[in-house]
Amino acid sequence: MDYFIELFFSGLTRGSIYALIALGYTMVYGIIGLINFAHGEIYMIGAFTAFIVATVLSVYGFPLVSIVIISGLAAVVWASSYGYTIEKIAYKPLRHAPRLSPLISAIGMSIFLQNYVLLAQTSDFLPFPTLFPDLEFMEPIAHIIGTTDVIILVTTIVVMVLLTLIIKFTKIGKAMRATAQDRTMATLVGINVNNVISATFIVGSGLAAIGGMLVAAHIGQINFYIGFLAGIKAFTAAVLGGIGSIPGAVLGSFVLGLTESFATGYVSSDYEDVFAFSLLVLILIFKPSGLLGRASNEKV
Amino acid sequence: MKVNLRGKLLTTAACALLALSAPALGVAGDTIKFGVAGPHSGDLASYGLPSVNAAKVVIDKVNAKGGINGKKVEMLIEDDVCKPEIATNTATKLVSDGAEVVLGHICSGATKAAMPIYKNAKILVMSPSATSDELTLSGDYPNFFRTIAPNAAQSPAMIDFAVDKLGLKKIAIIHDKGDYGKPLAEGAKKYVEKTGKGQVVLFEGITPGAMDYSAIVQKIKQSGADVVVFGGYHPEASKIVTIMKKKRLKTKFVSDDGVKDDTFIKVAGDAAEGVYAAGPQDNSNNPQAAEARAEHKAKFGSDPGAFYDGAYAATVAILNAIEKSGSTKLADLKKVLETEKVATPVGNISFDKNGDAVGVGFSMYVVENGKYVVVK
Amino acid sequence: MVLLKEFKKALLTSLWFVFLTFPIVVIKVDPIERTVFWRWQNAFYMAVGTFSIYLLVKFYQHRKENQPKSSDAGENKLPISSLIHRILLNPVQRNIFIGIVAAISIVFPHIFSTYQTNVMTTALMYVVLGLGLNIVVGLAGLLDLGFVAFYAVGAYTYSLLNLHFGLGFWTVLPIGGLLAATFGILLGFPVLRLRGDYLAIVTLGFGEIIRLILENWGKFSKGPSGISNIPRPGFFGMHFNLEQSVLYTYYLMIILVIVTIFIVNRLQDSRLGRAWIALREDEIACQAMGIDKRKTKLVAFSLGAFWAGIVGVMFAAKTTFINPASFTFLESAIILSIVVLGGMGSIVGVVFGALILILLPEYLRALSEYRMLAFGAILVCMMIFRPQGLISNIRRTYKFEKKSPPPVR
Amino acid sequence: MLELDKVQAGYGNKLAIKDVSLKVEDGEIITLIGANGAGKSTTLMTICNVVECRAGTIKFQDKEIHRMAPDAIVKMGLCQVPEGRHIFPQLSVKENLDMGAFLRNDKEAIKKDMDYVYSLFPILYKRRHQDGGNLSGGEQQMLAMSRALMAKPKLLLLDEPSMGLAPLVIRQIFEIIKQINKENNTTIFLVEQNANQALHIADRGYVMENGRITLSGPAQELLANTDIQKAYLGI
């Protein structure tokens, strides 16, 4: 039973990270219908910024709490700025282009950003500073769930709740939903669609940056290539849940994280990803628009 | 109008052809062309770039002294991204550009794809990192040398150490599914089954680059293994030991040459303490090794990365052979390499008939106080 | 006045980029030695660089706007694109054009080094891959991100059949193609109901599954160590040395490209081709017109896969070594980029796209470590300046002429 | 109030409207009638700058608006109910109305206006928590008009409000249009294929054919015009 619980929590941790990244995918997809392949790179850049800022601060002897807060903020600010800028450069000029053109542009952007960080920083793996020391009272259950796992879970839940509130009740949130549903009409009621799209990229990128920082702090290392696999997995999770749907992205992420964890635990980690992708195929066969996606039945 | 159009087209075509041919017009000169091939971009760049640096350090030093036999050494650096199909292009490019010797490739797969091309051109190739048994033991590649021990030597070393030295019988073998780690792990498993020492309680591959290895660590715990034998590189190893420490696992961790890298200790930090790794014979008393590291630090302002020592050694050995034989012909070089010992950061080495370095036996290391020290 | 405003904007843009790139480009930390390097000069380069690039782009835009609109029905076309359209539509010019291309391709390996020929052969393989994917994506409108799986099936078919049964290149060539086509149908069945981006992710997953199985099922595929010493293509038992073999492979590829272009061209104008295009435009209308959606889609999948399988066999024979690392998602992305960059659905476009995308990284080698950076940037720029692809598809128009009856097929 | 002068606009390399000039005065109901594909909807979209104005000028309250951002135009008090209604399908009726008041910040007044539109269309009040996508066609049209009213427009552009609706509902909608015009002094620019109904409530009318204005005049005159009777009124 212990084993089951252990696997369950490791699946939850994975799932929450996927969720933080998948939300960005799903929001961007919802609003401009683009699979933003550069999103994984945003996650990487967020983690890198957190790494750089945290290391600089610790070298200059700042206390740990302030390091966590400042580096977290820096990660969010810079990742959002990258998200914003990328949209302006690589996607905005393609708003009326054929559907696949922005996809290729996104792939190009992803290659560009990876190599940009590789060149400006290093190709080596770097140790991420310990941001979250193990808590005393967690010690008895540390073999089941660690302090960072708890922090990841709590952060994810808080962020999700905040995001839901923002989307549901604030003006910009409503504007996002309206733009996602009908862009022309959103323009006609006086929503500045360009600003809404920018805001979506900013929020999505900020979430990815939080995810990046948490993962890096959890596994203690970072390099320029971490975004690729994370991006693919989060994208899978987003589709699993029904792309464009925010609760769907969260659900899909947890389903994916748990599947992988149990597949590794009870079957074999050799085929961990095979399980993940097979599950995806299976679910899509029976629910072609994902778990919570709206069936896009076109009216005939 | 039509004529004009055709004229333009022809000119365009001609220009395009000229542009295409430009790189091909390598000028034969009075330098020794030293090719360096490996992944210099993409996900595996961290294994390829250190060998470029190693070659730069050695060659700049040699050139500062006036070169070899009066000839300067010129580097030709080509990226293969560790992909077989790109590696064949890289190899043909190096051959076309007149490379006389090649340091590389880094990944076994890319090396296997590139070798037939070098073999055909009779060019000496020396890899600091390709460990596939086939490369030397199959006899298919007479022009291949390496400064790293083959898998066939390494897997038994790890198992022998775990079972005989540490006295641990229940072995979990984990690998990274890569062309380095998996054959190593499979070799280890076969060795256990053949010799009957110990028992393999778990044999699994992990996905490199995955975000979290908690599940596999739980599984190791569940399997009741006393020792984890890991085949793969240091990024995954450091992730696993970090999680193992977080989950309070006391299982020992024995790994390979890909982990015996200072980056591993840096990245894994405290979790690295007590990890065992096989590595080239102890070179801590080797002045060459210390010097090589100091040179890197002076030139690039940072510590060298993976396979630096091996690449440094290979460069030294190749240049030495060229100097002694006064030629870059494969047969001449081979003779020197097989007969003369040369002092390098990985020890005083020469090469056997297959192309494997003699004198790069294994030592087992353990991390103590943030340093790899030899297990006596 | 306008100038001043532009300068001000350029200044702001460069400041923004300095801010943006500040942590990554300016600061470098060594977490072990606990030292921080401040590379201020990089901030300066970044500022100057972005400032001038901004002005250059503005200058280009300004010139483009001020140019009198061409009489070309107002459509902005690349000179090369319209040139090619004009050539292809005029039979005399088209024959001359084909003649020139044929002549160049025949003499190419005799003018250039083995390296150039080798690279060109690789590019030609991608031409065929692109044409294959073009059937699926460009014509039938099914977004496939796992195309590389079929390529892998072809490559492994040859390697394994050769390894275990000693079958030769020519025997396996059709087998590889057919097996890949079978896989295409296997994939096609479950995903018929999916649309657009859901299809994309399932195909991506399928590609990954194939690669992971090849990686993990060591007994079957030799795992990540791969299979080496795969024989190069032979010619009635003749044995070639490396140069001859490269030459031979090159000509084989040329022939394959010609055959592919011929067949795809015929397909495009066939009943089936029109069904694909119709399906791409509107599925529901198609069904209403009595087009069998399932069959048409499956045929598209399997035909696309067939070409990938054929090229896979060629690939294994050319590199003489394969392992699963050659068949990653990035490969699928590159092939898709070829199709989109060239211009979806256009054969000439795909040929150009493949040549550019495959030759580009090779010739960017001069930039050494900036190679892939430049590649990514060029991909983005090409899409921004040519979103519809280099050469947009020429829709065949059927004109009613009094003397000759309209084409009936 | 609104003045178009030789406006051209279109899609791709085709012009959909050519040299369109028209004028809407304060407090009027103006109608633009024409056949399918004549360019009526394009004209409206060009006024709101959703479709780019390629030549000519558009003035609203003596200010040139054809280079202004769409949201700025809405802010000036120019609102449109587009063809096909464009309800946000996954927002509730109330949220849809909130979106109409997107640019306003006066909470009290918004509340009052919402009560007003509920009084115009009591059915919407009943369905205020339902998703917009679940309403019937007529209800959706009511919602679309209400949503536009929530922006407190000075000029309301209506694109084919009668499309696809039952005759009874059409009559009701046209009554309300007249009511809105009178009660709030909202100027109305009505685009219709249903020329008969439209001309009956309008003050003046324009006729569009193939992207050009071919005829204009007081609504009564147009109704009496034999060409129009033949072409559009089916008499």
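Going by the order they are written in, the chains are A, B, C and D; count residues from 1 in each one.
Assume a contact is a pair of C-beta atoms (placed from the backbone, for glycine too) under 8 Å apart; a residue touches a chain by one contact, two chains touch by 3 or more.
None of the values given here were measured: they were computed from a predicted structure.
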| item | value |
| --- | --- |
| Chain pair that, of all pairs, has the most C-beta pairs in contact | A-C |
| Most distant chain from chain C by Cα centroid | D |
| Rounded Å distance between chain C and chain D, as computed from the means of their C-alpha atoms | 47 |
| Mean-CA-position distance for chain D and chain B (Å) | 72 |
| Chain A and chain D: spacing of chain centres that average the CA atoms, whole Å | 42 |
| Between chain C and chain B, distance of the C-alpha-averaged centres to the nearest whole Å | 32 |
| Residue numbers of chain C (touch at least two other chains) | 31-32, 216, 369, 372 |
| Residues of chain B whose C-beta touches two or more other chains | 41-42, 177, 205, 266, 302 |
| Chain A-touching residues of chain B, taken from the complex the two chains share | 41-43, 45-46, 49, 177, 204-207, 209-216, 218-219, 221-222, 234-235, 238-239, 242-243, 246-249, 263, 266-269, 271, 302, 305 |
| Complex contacts: residues of chain B adjacent to chain C | 2, 5-6, 9-10, 13, 17, 20-21, 23-24, 40-42, 77-79, 82-85, 88-89, 92-93, 95-97, 107-109, 112-113, 116-117, 120-121, 132, 134, 140, 177-179, 182-183, 186, 205, 266, 301-303 |
| Chain C to chain A touching residues, read off their complex | 16-17, 19-21, 23-25, 27-29, 31-32, 34-36, 42, 137, 143, 190-191, 193-195, 197-198, 200-202, 204-206, 208-209, 212-213, 216, 284, 329, 333, 336-337, 340-341, 344, 369-370, 372-373, 375-380, 383-384, 387-389 |
| Of all residues in chain D, those that touch chain A in their complex | 48, 50, 69-71, 74-75, 79-80, 82, 86-91, 95, 98-100, 102-103, 147-148, 151 |
| Contact set on chain A toward chain D in their complex | 171, 174-175, 177-178, 181-182, 184-192, 294 |
